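In the two complexes below, chain A is the common chain; its partner is chain B in one and chain C in the other.
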Partner chain A sequence: MSEGLNYKFLVDTFFIALSGVPITLFITVVALLFALPLGFLLALTRINRIPVLHRFAQVYVSFVRGTPIIIQIFIVYSSVPLLLSSLFTKFNIGMNVYDVNPIWYAFIVFSFNTTAVLIEVFRSALSTVNRGQLEAAQSVGLTDVQAYRRIIIPQALVVAMPNICTATVNLIKATSLGYAMSLQEITLKAKVAANVGYNYVEAYIDIFLVYLLLCSAVEYAFKLYEKRLSKYKPSVV
Partner chain B sequence: MLEIKDVYKSFGKTEILKGVDVTIDKGDVVVILGPSGSGKTTLLRCINFLEKADQGRAVFGDIDVNLGTATKKQIHQIRQKIAFVFQSNNLFNNKTALENVTEGLVIGRKVPKEEAVKIGKKALDKVGLTDKYDAYPSELSGGQQQRVGIARAVALNPDIILFDEPTSALDPELVGEVLTVMKNIAREGTTMLVVTHEMDFAKDVANKVIFMDGGVIVEEGTPHEIFVNPKEERTQKFLKRVLPEDFTYHI
Partner chain C sequence: MEKYFDASYIWESIPLLIPFLKMTFMVAGLSVLFGTLLGFILTVAKTGKSKFARKLATGYTTIIRCTPSIVLLFLVYYGLPAIGDRFGLNLNNIDTAVFVIITFTLQFAAAMSEVMRSAFQSIDNGQFEAAVSVGLSNSQAYRRIVFPQAFVVALPNFGNSLLAVLQEGSLAYTIGLIDVVGKANLIIAGNYNAHALEIFLALAIIYWILSIAIEQFFLKLEQVFSKGKQGLKTA
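On to the complex of A and B.
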């Protein structure tokens, strides 16, 4: 049984796994583009206790964060097609629900999931910016929008950045669950390759390495950006 | 020039301001004294709409606004005329000293950038921070920060500057430099409404002293009237408690 690692397979599959990176990044970017603005706006409703919306955001966060992503994936992946197919029949759309590219389900799950994470990230970051900053801005004649854009958001962003980085890395890792929706990302591609000759150990090592490289690169990019952002706090990193 | 009339303000069930009137003429330096919790900060905040009064009016030249129901536009109008120096300075942490001073000019008052920089540098020079234009607040001492706060207010060339205990958050050895700056701008004719516990400043610089207690103005008058011949018992008690043994009033 112990024939050692199949090095050729290890190398070949590494590149197969690597070919899943664009899909992973695509989902990550789409989810962030959706979740960053929405999470920020909902965080504002939380901070400023906007009626209804701030409750909604609170309940939303506890629902999404209180359930495993894999369950959210199963729910979206099984209920959305049912919903769609009844819509398709109703409006006589001649399209098969099972032709829908699973990446759409991934967009939905990961966008909504990341929004919940970022609401909390932005909420805690905004609450670190002293109320006096807004008042000082108002007193020199800035509107609230100008005060947020020029004074409060830049400061909150510096505080939020390490947590946004963590959220992004978690998101990248979570996309590996996309294999449950037969999404052609890193994990599924390598596993499929392994199925042929049962080279699972090699495949898992490759998956491991690809995620490690990807996440390290993303973390490094964030660190560079953080450094640039926080130029006004020379004492803090 | 500025008349504040009949200001009422409650937080929840507690009434903090119970009908306060203040009149300030151009060039006046009015000092508000009073024990902590008497509503001095709340009064200044209501004047600048950082707090919404329950009732009250501000008459500012030809502008007459209700402090409780002013529109956004009126609030903006009034704020163009008033600058505020905060107890804890509230400098913009993400801006340099110079940017702190120019922010309100460029964004709030639409002054061209170059002109704003010129005005800003002059204001910082005036408070003795010529070498600190590009320093961030975190790189400045408490006294320097507060002087930037004053420069930020002065640069706006407001009709009046409100000071809320500008020295009380400072280490004792830093108080002097801030008071000196305040004296200088007072001497230049700046209209000021100052809440402070610095009795020497009140005595030497103010032309009117107001004693507030329990949300009302107990007594007001010239420094001489308040410090030498206070009429009200509450004023006498307060002064006895806060004035240093060696405090003397020279005319």
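On to the complex of A and C.
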């Protein structure tokens, strides 16, 4: 390993790592699509203290925040196949559990995780919107749904946006753990390429660069969007 | 391979795992210690006058924030010995714990520099000026007036970062560190991969309890230290 970096491998593997980006983004988008509405609804149950759901959301958030994501992956990856196989045998479905694409497990884990993160994000964002805003909206004759859609959510979203950005970046970073589920994303692809010639240093430099580009791009996109949203920002007089 | 769920494995494996928390704590503790020191240096660079140092510190934070822990871990694990090779140092036989500590120190420093910077900037400049105007020297003003106030502001974020480092530390098993997660994987391997779920659940329970305890500890600490803090009401 003392010959220094293998530059040809470095360049070749960069494109291999890059080919893992679509799957990373796909998981990120699916997890967000699932987590955004669910997180918002559960945040509402927390704020309005809806009896059972409020407690459930509290324990759920505490669990996800209290355990490492890799252990959540381990748990889902070892429990869901158990459940599935018992379901398959019960209903005589001729399908092997090991044929299930690992991407389904990734969807479950990352949606599960991101929902909990977003509950907290939305909860803090919603609590920054003054209660009077809702009352004022109702007093001019808007229904609850209208009031939320037109008055509360736009204001809460401005506050929540930076945190949603952080959550998204963290989610992208967390998908690098998909290798534990043999998911064909950036990290695993580059690592497999490195296995042939033990070029691990080069492979990890490539992975590092790809994540750096990806996360910087996402952060930049969010910044642009935040700028557009900021017209809803209540100005301080 | 018969597979069924047996909850007794959860309770049996917890006592086996607990002793290995020592390694987890040691790695997290040392990372926090070194990370705080490095983070302080970064904060000084970020709030200081030198434009170059400011750019450097901000760039460092951005890069670290965009790197998944596992990638940083392997980069350090494979990269440092390779760099050492260049200079004729043999770093291949160093304890894996060292690599883990270096990785999480780098990461914690980036997080801490942001925590400390925002805490420092949240303290009104008038506090410092008032302290100097009554005759305190600069270092006295920082030590007695600015720092105690910034400390209270930083405390909750410090707690969150500490929890994050503890949890990210669970990835250390990937380079062969035998901490709680590493031990859990050994137990599972010893069982011929049966009952993995129960042992992972035991791990989750350990981490969960630990996190709640640390969270509560920091909440208490915050209450103790914020007794002198004056809210808007008294202004």
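The rule is simple: the second predicted complex is superposed on the first by the 230 of 237 C-alpha atoms of A that agree within 3 Å, B and C clash if a C-alpha of one lies under 4 Å from a C-alpha of the other, contacts with A are read in each partner's own complex, and residues count from 1 in each chain.
Just so it is clear, contacts are C-beta pairs under 8 Å (C-beta built on N, C-alpha and C of every residue); 3 or more make two chains touch, one makes a residue touch a chain.
Computed from a predicted model, the values in this text were never measured in an experiment.
Participant: Will chain C clash with chain B on chain A after the two structures are superposed, or do they fit?
Facilitator: Superposition check on chain A shows chain B and chain C fit without a clash.
Participant: May I ask you to decide whether A:Arg65 touches chain B, chain C, both, or neither, giving the answer as first, second, both or neither?
Facilitator: second
Participant: Using the superposition on chain A described above, determine whether A:Gly141 touches chain B (first), chain C (second), both, or neither.
Facilitator: A:Gly141: touches chain B, not chain C.
Participant: May I ask you to decide whether A:Ser78 touches chain B, chain C, both, or neither, giving the answer as first, second, both or neither?
Facilitator: second
Participant: Where does A:Gln155 make contact in the superposed view: on chain B (first), on chain C (second), on both, or on neither?
Facilitator: In the superposition, A:Gln155 touches chain B alone.
Participant: So in the superposed three-chain picture, is A:Ala57 touching just chain B, just chain C, both, or none of them (first/second/both/neither)?
Facilitator: neither
Participant: Going by the contact rule stated at the top, is it chain B or chain C that touches a larger number of residues on chain A?
Facilitator: C
Participant: Which partner does A:Ala193 reach: the first (chain B), the second (chain C), both, or neither?
Facilitator: In the superposition, A:Ala193 contacts neither chain B nor chain C.
Participant: Mind working out whether A:Ala17 is in touch with chain B, chain C, both or neither, as first, second, both or neither?
Facilitator: A:Ala17: touches no partner chain.
Participant: Go through the superposed model and pick first if A:Val201 touches only chain B, second if only chain C, both, or neither.
Facilitator: second
Participant: I want to verify one number: the closest Cα approach of chain B to chain C after the superposition, in Å.
Facilitator: 15
Participant: On chain A, what residues does chain B touch that chain C touches as well?
Facilitator: none
Participant: Spell out the part of chain A that touches chain C in their complex, as residue ranges.
Facilitator: Its residues touching chain C are 1-2, 4, 62-63, 65-72, 74-75, 78-79, 82, 85, 169, 173-174, 176-177, 187, 200-201, 204-205, 207-208, 211-212, 214-216, 219.
Participant: For chain C, which residues count as touching chain A in their complex?
Facilitator: Going by the criterion above, the answer is residues 3, 5, 62-63, 65-72, 74-75, 78-79, 81-82, 85-86, 163, 167-171, 181, 196-197, 200-201, 203-204, 207-212.
Participant: Of all residues in chain B, which touch chain A in the complex?
Facilitator: 48-50, 76, 79-80, 82-84, 86, 88, 90-96, 103-104, 107-109, 136, 138-139, 152, 156
Participant: Show which residues of chain A lie in contact with chain B when the two form their complex.
Facilitator: Touching chain B from chain A are residues 130, 132-133, 135-143, 146, 150-151, 154-155, 158, 232-235.
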